[in-house]
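Take a look at the structure below.
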Amino acid sequence: MSNLDRAELRIIGFLCNWCSYGGADTAGVSRFNQPTDLRIIRVPCTGRVAPLFVVKALMSGADGVLVSGCHPRDCHYSEGNFYARRRFEMLKRFLPTLGIEPERFEYIWVSASEGGRWQSSVVSFTERIHGLGPSPRVKLAMYDERLVASAL
Amino acid sequence: MSEIELAYYPGCSQVGTSVEYDMSTRACCKALGIRLFETPDWTCCGATPAHVVDHALAAALAGRNLAQAESVGARQLVTPCPSCLLALRSARSRCQNEAFKRRVERLLGRPMPMEVESRSVLQVLVEELGIERIVSSATRRLEGLAIAPYYGCLLTRPPGLMAFEDPENPTSMDRLFSALGARVAPFSLKTECCGAALAVPKQEAVLELSGRILEEAEATGAEVLVVACPLCQMNLDLRREQIERRLLRRFSIPVLYFTQLLGLALGLDAERLGLGLHNVSALPTLTRLRQAWATEK
Amino acid sequence: MQDFYDAPAHRLMRLVQLGRRAEALASSSLWLCAGCGQCSARCPNELDVAGVLETLRQMARRAGILPQPNVEAFARCFLNSVRAHGRVFELGFLLRYKLASGRLFEDLDLGPKLLKLGKLSLKPHSCRGQAEVEAIFQRFSNEGAHERN
Amino acid sequence: MRIGVFVCHCGSNIAGTVDCPAVAAAAQRLPDVAFAQDTPYACSEPGQRGIIQAVEEFGLDGVVVASCSPRMHEATFRRTMERAGLNRYMFEMSNIREHVSWVSKNKELNTKKAIDLVRIAVEKLRYNRPLTSKSFAVNKRVLVIGAGVAGIQAALDCADGGLDTVVVERSQSLGGKMAKLDKTFPTIDCSVCVLGPKMVDLTQHKNIKLYAMSEIEEVRGYVGNFEVVIRRKAAYVDWNICNGCGLCSAKCPSRKSHDAFNEGVGHTTAISIPSPQAIPKKARIDPSTCLQFTKGRCRHCEKVCPVKAINFDMQDELFTEKVGALIVATGFDLLNVSQFGEYGGGRYPDVVTSLQYERMLSASGPTGGHLKCPSDGREPKSVVFISCVGSRDRSRGRPYCSGFCCMYTAKQAILTKSHLPQCETHVFYMDIRSPGKGYDEFVRRAQEEFRTNYVRGRVSAVRPKNGRLSVRGVDTLLGEQVELEADLVVLAVGAGASDGAKELAEKLRISYDAYGFYMESHPKLKPVETNTAGVFLAGACQGPKDIPSSVSMGSAAAGKVMALFSKERMESDPQVAIVNPIRCVGCLKCLRTCPFGAIQEIVGRNGEPRAQVIESICQGCGICSVTCTPRAIELLHFTDNQLLAEVNALCRTWIEPSSE
């Protein structure tokens, strides 16, 4: 991992408490080395992640947003990740309208046992964002946040 | 029913020591409505010796033939020889690595065709046509003929590369010939090695391994050993007397290519199938079959 | 084939793990592997044993370590024949191999049989692709020359 | 607000790769932070005392601890908060160990990351509000799924503890895998003699209700108040009447049924009782082979049944049980043997699985305990055991050790010798795994006293040869290939999750690993809990286990249930959704999306429809909150404002330096 010789980028992760947050813990317990760019925010379920949060992050200067939850059919709340999947698919199509490259956003499924999978997901997503480079500086005033919120 | 068209790569053996494999393959395909057009100006695939020297050299020698097939618009290449098949498939698979591919292309002097898929004749017959259709084209039954199907090492291995059948227990020939009326002996050395190309430099090893296969085949009561590989056929048939001298015993079982036996069921002439071209003649065994067909009529 | 090996496959894997290069490359087992791939298919650790042996064989050849010179000679004669004719000329390369290996009297029984069956052609198959094959070999030896410089 | 921040070193676990004093110093400058300090071990008694003292001394009303994962110690620190007289939801945790110090060695970047994580915790905490739990009544009944030895133990312990216990078993008889074993290691006790009395106790216990031949159809509700729908499959025999006399089976003309109890060694009749020791000892009809079902004529059993228990029109029945907790003890299954073509698994009759071999050794088995080759009934002169068949095998996607195979293989070798002293026994092994009381001594006995030839190496192929089997392999200690002749080959097939384990997990909303084994809540400290409150694990459903471990885990799960039920009422998690009735427009999208039915429709002040959350049912997922267009539903403790505060905290630090 070559994070020594390059500037960190700004990546936010929304992880569900039951599977992916545990998966990231498992990766830690197993000492699976990862790039340091990612900052994790804990949520109960990917179904709690409003597309607004993702847009807000990307428009406020984040270079990438990664959402991770339980595998389909394995949601702690039965079907939260199904709702999430539908919302995020829509969101991906909507991002270009806001002038945001859709590649800056990704959602994945990682279970609490999959430390290795979490590591490789972090590595590849971080690589992807470094490939895209820092996001173009957005003039926040250009957007009316409430307008965006209501569109979502 | 539309004809199946495939580029055909015979491989060097098929114009030399195993000419009957080539003859019977062409005859069967024709009878089954598969049009084979020969890859123009094909050359040696590099075989095992190229792999002794260098992987990129091997891939370039094999890749040239893929490129030749592609130049006439082929997407599918079929070869009777498992050794050639391995060379062709592993060339393409190794070229998934970009650096390796660039080196191969430098040697080859042209782009490596990544879209041309190669398969064995056996695989095309059972997967593309299907056993049912083959049986419906048959004009004769191989009723009662006891056969031991011998697949050899390379038709199914390495499993990830060949992607054909259960590597431990392939059954395509078993299924094909039992559907055609033959009695398939429970032959347990289906995928053991015959010694392959070591026959020349390390003869004694090959004689031991091939001898074991003959022993087992005869022990199962099979009348014919059916093979799909020119190297296997040569070791088991042409080296028969050498094996007998080494193991101090005699074997009588003839070794036929599966296409020869299939050809008989399709009603093709023994001559077109090269049935007289073996060291250990299969004719006595086949005479019995022929008599059975005669009495039927 | 393991009956003929001087070192079993698992010992060779261990030598590779320990980096004991000279011992691994000197093993004649490398040259007696027929490449059937059973070891790779069986290995519970998913080692491509046959692939490792193949690579070791190439390394040994480059280093000039040839404990089974006949196997190497066989490969060399075979490829020379391919280089000269585009396809392998069976009779020609076997004769050359016999001269190279000195095993003049082996397999003498096979020739007459093949001739009788009309399977051994006395002259090479001509093939227009030969020039291209020759070019591949040429570029390959140039590559080697660059490496040496 | 006055916030205190505590940055834990966790010895060198965190401090080794994070500059903890620098993190504390940076925290000191964050808004509302009145106190910040680094501490060697925040979770230790002095560490917690330090937090309480700081709360008192500096008048703190919120605390952030930057240490390990909240999945590890959030509960610990919430208790500390209460001891300090604060509401336990006025607390946030930054995970700077699992997510920072353990996944990168770059101290500079780690420190920067840790500061960011503390920053977002502080920003979130500024929006936290004290929350109080409500309490609800607990239904003190427990349901045990699976009646193998782990489930039996769990059920008996719960029932002895006075709990009303429901046991659901998928197969016709209790006992699971242990009931199929002939003897057990390392004592060579008769397996069913040990287990049988427990099985009897279970059926006769006044607190236990048993559903055999039944499966879980649906699970609703939550800890303390589950509702479980059970499907009892039609046996076509009225078990209230059947007396287990076995006349039906003796007269049944269809003798081609798969004998599940005997692992397919031999066949059984279409109407059958699995074994003489079966409990409950009741007959059932296999409709796939019964002539009455397949051909429409027979009814022999109906004629001979002395108590008229046969009922061809029987249907599956559904039952609902209300319980407060569940114990999952669904065990394991052997991997499918036919995938091991190199050993001829499923292809050659004299190649058998270890469990089939147990049945062949057992006096109650199909051969009456006489060791015979299935192919022709001859006595074997040589038996070869192959261990690690599908265990520790990455090429089969099974890298794990099944744990008990080394031991039962040694046991089977010993039993073979006691059945047939002249029979040769050989074991091919990779390593011998025998950690356990008396275990390694037992393996030694197999080798020395019972003269079993242990060969260290793998087998490459098993094939028929001259009417026997030839086993070719390598002896890695000799460095030679070996070829042995055998009459029987016994494959120590690895353990996989029980059939249907994943589907059941999805019904229970518990996690499973890549192989279908259920995930415990914490590998060290919560081995029988799951991530779903009120659902506990026992036995090999969590991973391969031998009998003593399964029994211990059964008792442990029962203990957990009893501790849970020791209170009359349970506290609910206050992290629930609430509806702001002023914003709610009554579209009721939330009602349709809630997976738990926790939202009901009420009538607003002017007769208009409004949504309302039933707090005791809400599980706090927050799906409704995102669904709500007018943003009238908030999930407490994870409100939009709290989550956006975290996002903003991160983005602000990124934007501000460059905008100067």
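Letters A, B, C and D mark the chains as written, and numbering starts fresh at 1 in each.
By our rule, a contact is a pair of C-beta atoms (placed from the backbone, for glycine too) under 8 Å apart; a residue touches a chain by one contact, two chains touch by 3 or more.
The shown structure was predicted, so the numbers you read here are calculated from the model rather than taken from an experiment.
Novice: Using the touch rule from the top, work out which pair, A-D or C-D, shares more C-beta pairs.
Specialist: Between C-D and A-D, contacts are more numerous in A-D.
Novice: Chain with the smallest distance from its CA centroid to the overall CA centroid?
Specialist: D
Novice: Distance-wise, how many Å sit between the C-alpha centres of subunit A and subunit D, to the nearest whole number?
Specialist: Those two chain centres are 30 Å apart.
Novice: So the centre of each chain is just the mean of its C-alpha atoms; given that, what is the distance between subunit C and subunit D in Å?
Specialist: 53
Novice: Compute the distance, rounded to whole Å, between the mean C-alpha positions of subunit B and subunit D.
Specialist: Measuring from centre to centre gives 49 Å for this pair.
Novice: Residues of subunit A that touch two or more other chains: which are they?
Specialist: Within subunit A, no residue contacts more than one other chain.
Novice: Two or more other chains in contact with one residue: find those residues in subunit D.
Specialist: 342
Novice: Give me the residues of subunit B that touch two or more other chains.
Specialist: Where subunit B meets two or more other chains at a single residue, that happens at 167-168, 192.
Novice: Report the topology of the inter-chain touch graph, choosing from line, ring, star, complete and other.
Specialist: Its topology fits none of the listed shapes; call it other.
Novice: Which of the chains are touching one another, listed as pairs?
Specialist: A-D, B-C, B-D, C-D
Novice: Spell out the residues on subunit C that touch subunit D in their complex, using ranges where they run on.
Specialist: Where subunit C meets subunit D, its residues are 2-3, 7-8, 10-11, 38, 41-46.
Novice: Mind pulling up the subunit D residues that touch subunit B in the complex?
Specialist: Touching subunit B: residues 340-342, 344, 347, 461, 463-466 of subunit D.
Novice: Any idea which subunit B residues touch subunit D in the complex?
Specialist: Subunit B residues touching subunit D: 166-169, 186, 188-189, 192, 216, 219.
Novice: Show me the residue ranges of subunit B that touch subunit C in the complex, using the header's touch definition.
Specialist: 12, 15-19, 41-44, 46-57, 60-61, 64, 68, 106-109, 153-154, 157-159, 167-168, 191-193, 195-198, 200-205, 208-209, 238-239, 241-242, 277-279
Novice: Inside the complex, what are the residues of subunit C that reach subunit B?
Specialist: 1, 3-4, 32, 34-38, 40-41, 48, 50, 54, 57-58, 61, 68, 70-76, 78-79, 82, 86-88, 90, 94, 97, 101, 106-107, 109-110, 113-114, 117-121, 125, 127-130, 132-133, 135-137, 139-140, 143
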